[in-house]
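Paired with subunit B in one complex and with subunit C in the other, subunit A is shared by the two complexes that follow.
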Partner chain A sequence: MNAPFFKFDYFNTDVSLIFAFIIGIAFGIALERGGFGRATILAAQFYFTNMRVLKVMFTAIVTAMLGLFYLSVIGFLDLSLIYLTTTNMLPMVVGGLVAGVGFVIGGYCPGTSMVAVATGKIDAMVYVLGMMFGIFVFGEMFPSIESFFNSSEMGSVTLPQYFNMSYGLVVFLVVLMALGAFAAAEWGERKMAAKKSEANP
Partner chain B sequence: MKNFFANLSTNKKFALIAFILGIIALFAGNPYGGGTIKVNEKELALSTINNSDKVTVTDLADWIIQGKADFELVDLRSQEKYNEYAIPNAQCIPIAQLPESDLLRNQKIIFYSDDDVAASQAWFIFKSKGYKGVYILDGGLNAWKEKVLFPKAPINAGKAELAKFEKAKEVSKYFGGQAQTDSTLSESKPSIQLPTSNVGTPKSGSTPPKKKKREGC
Partner chain C sequence: MTSLTKKFSHAFEKDEGHVHIEIEAKPYSNPYLVGIGLGLVLLASFVIMGRGLGASGALSTLVASGVNAIAPDHASHNPFYSEYLGDGTTNPLKDWLIFQVIGVLVGGFLSGTISHRVKKGIEKGPHISTKMRLIYAFVGGGLLGWGAKLARGCMSGQALTGGAVLNLGSWAFMMMVFAGGYGAAYFMRRQWI
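Now for the complex of A and B:
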């Protein structure tokens, strides 16, 4: 048996939807347990008062990366069958900024807003309506931005390919980066807390 | 040492494990397999004995006529030879360029060249790289010409064999060849003409290729 199971035809599209449902539920539970169902925590990341989002995200990245790397090194997983979105540098930077601004203003990202809706948060319900409206507007104006949407096409690149480094080295560097970020986040949070207690003792 | 690890907080334990795994990753090699290959002798030998790794030319002809599209037909000969004549729907990947091809491990792949040799080599390389569905066109293009394009009328044939030949005649017509009965043999032998390559122009009536699995998010 080899992964990815779907690509090797171990189950069909219908069954894949069942798996997607189960994985989606599990993802939602993980987000909620990580505290991502509360807008205050998510927004606090952008003011650097609570670094939980950074810690959770980097933990997820490092866990997934190490898992994928070692599973493929032992030959269980065929990485070449994993779908990679193509990179369009400039449109992605612009889109990322738009999404980031929306993140700060609304206090949710698309995934966490669904989690918050599930736990009955009214602001999240309004957020989802806004998101739907945004999708509609994007769809309507797509013809006029299509050329920009497809510009600066780079294909399906990965960091090792782009920087021409070995995969192991990239894995090591990302782990280092994550551990550094964790340490910096803890340090920053202590500083912030100290400042706060100074301001109002 | 044991004490040191036990005294760490859970966070720090996980951080330490991640760090160690990161260091091991430096020396763990390429996750895409690199150039090394693993061979399962027994499995390879068994599939060769059972002939389960071969596709006959008549089967392939039937599949193409039925418009089956769940396989990749790969022509391992040079580009010039491919341009001269190739089996319909085949793609040209000379054997030297196989390692850079974008054939995927979950595809059904049929290799052919003039005879069995190059196809067998390609088959072995791909089998050992963990490709699941790799097949050799039995007899290669020579067998294709002999049995599909220019089938010969059986001599002193029984009824069953004659019926088979009638079918072969139709099949050969479909691919632009000509069956060799005694009369045509004497007439047109010197000028056996290979049909012009009609690669890339799928015949009408064939079903569209199997829908690619949707991917991405």
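Now for the complex of A and C:
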């Protein structure tokens, strides 16, 4: 068998929607079990009191990255057929900053807000309305910011290509970075917990 | 940690004797185990479909469809909307991300129900009013929707999915999200702590 299955026409678009639904269910379950349906837990990331966001996110990235890497090494999966969003550096940097500010103000990101809506959080419902309004404003502005949106175009480019390193080496470095981040997160949580118990003995 | 992750679902009454039964919400799972699970879901999406996960794209399709329903001329002349509307041969709502996000809603509800964590409520810190919290939720959602569109994706589509395929722009986006979040956190501390 060759992966990605859809790219090798193992099934048609209608069947792909069934997979979309099933994969979405699994995604929702994972987010809910991680505690990501609650804004207080997500926002705690930015005050170093609960680093779940970083832990879950980097573990997921490392898991999927290693899986993709090994599946391509053994010849099961063709990495070049995996969809890669084009890099437009400036709009992505500005968009990332705005999204980060929006994250700590709103308390959710788009995916986690869906789980929060599904588990009854009123603020998440308001958040989703806000998000749709933001997208609408972006759409109305689009003709005037289209040139910025398409600026600093670098095509579909990966970290190994950009830094001229082998794929395996970058995978290794990302794993190292994640392990360092986990150690720092555990240390930071202990520090904050100690500080809190000092303040209210 | 336990105080954050535990909560109580409210008691319900039996018909006779008014026996209150408190069902305790189960604590959230170990974050590293959840991360491995989430990573395997993402990997499955790559293997089956050749694409990762997403969220904001589904809302963009909804917004574009809404604009198209009210002002079709306006929508068709705007390249942002028309990209989500397609060529008109199929219903734009018959879309991979729309079905995936419906799945997220179902999955979140199922998982929350099993662990007694589905409960009507508003997430906020102790020092902020409900009204202000809802205003912040709307404003934050608006900024995130706008920013995610400029960046061609959100935390799911860029940071998580693009992160796993080592996409240069996705990693830049992810670093900027953390920078923006930590940068603004101080000004938002009244809302959360």
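One rule holds in what follows: the second predicted complex is superposed on the first by the 201 of 201 C-alpha atoms of A that agree within 3 Å, B and C clash if a C-alpha of one lies under 4 Å from a C-alpha of the other, contacts with A are read in each partner's own complex, and residues count from 1 in each chain.
Rule of thumb we're sticking to: a residue touches a chain if its C-beta (ideal position, glycine included) is under 8 Å from a C-beta of that chain, and two chains touch if they have at least 3 such contacts.
No experiment lies behind these values; they were computed from the predicted model shown.
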Once both complexes are superposed via subunit A, do subunit B and subunit C end up clashing or fitting?
fit
Touch check for A:62: first (subunit B), second (subunit C), both, or neither?
both
Touch test for A:93: subunit B only (first), subunit C only (second), both, or neither?
second
With the two structures laid over each other on chain A, which partner does A:192 touch: subunit B (first), subunit C (second), both, or neither?
neither
Report for A:83: first if it touches subunit B alone, second if subunit C alone, otherwise both or neither.
both
By the touch definition at the top of the document, which applies to A:172: first (subunit B), second (subunit C), both, or neither?
first
First, second, both or neither for A:181, with subunit B first and subunit C second
neither
The chain contacting more residues of subunit A, comparing subunit B with subunit C, is C
Applying the document's definition of touch, where does A:7 land relative to subunit B and subunit C: first, second, both, or neither?
both
Identify the partner contact of A:20: answer first if only subunit B is touched, second if only subunit C is, both if each is, neither if none is.
second
With the two structures placed on a shared chain A, what shortest C-alpha distance in Å links subunit B and subunit C?
6
Which parts of subunit A are touched by subunit B and by subunit C alike?
6-7, 59, 62, 68, 79, 81, 83, 85, 167, 171, 174, 182
Can you tell me which positions in subunit A touch subunit B when the two form their complex?
2, 6-9, 13, 59, 62, 66, 68-70, 72-73, 75, 78-81, 83, 85, 166-169, 171-172, 174-176, 178-179, 182
Give every residue of subunit B touching subunit A within the complex, in rising order.
11, 14-15, 18-19, 21-23, 25-33, 38, 104-106, 130, 132, 213-217
Listed in rising order, subunit C residues that touch subunit A in their complex are 1, 4-5, 28-29, 31-32, 34-56, 59-60, 62-64, 67, 78-81, 94, 96-97, 99-112, 115, 117-125, 133-134, 136-160, 162-185, 188-189, 191-193
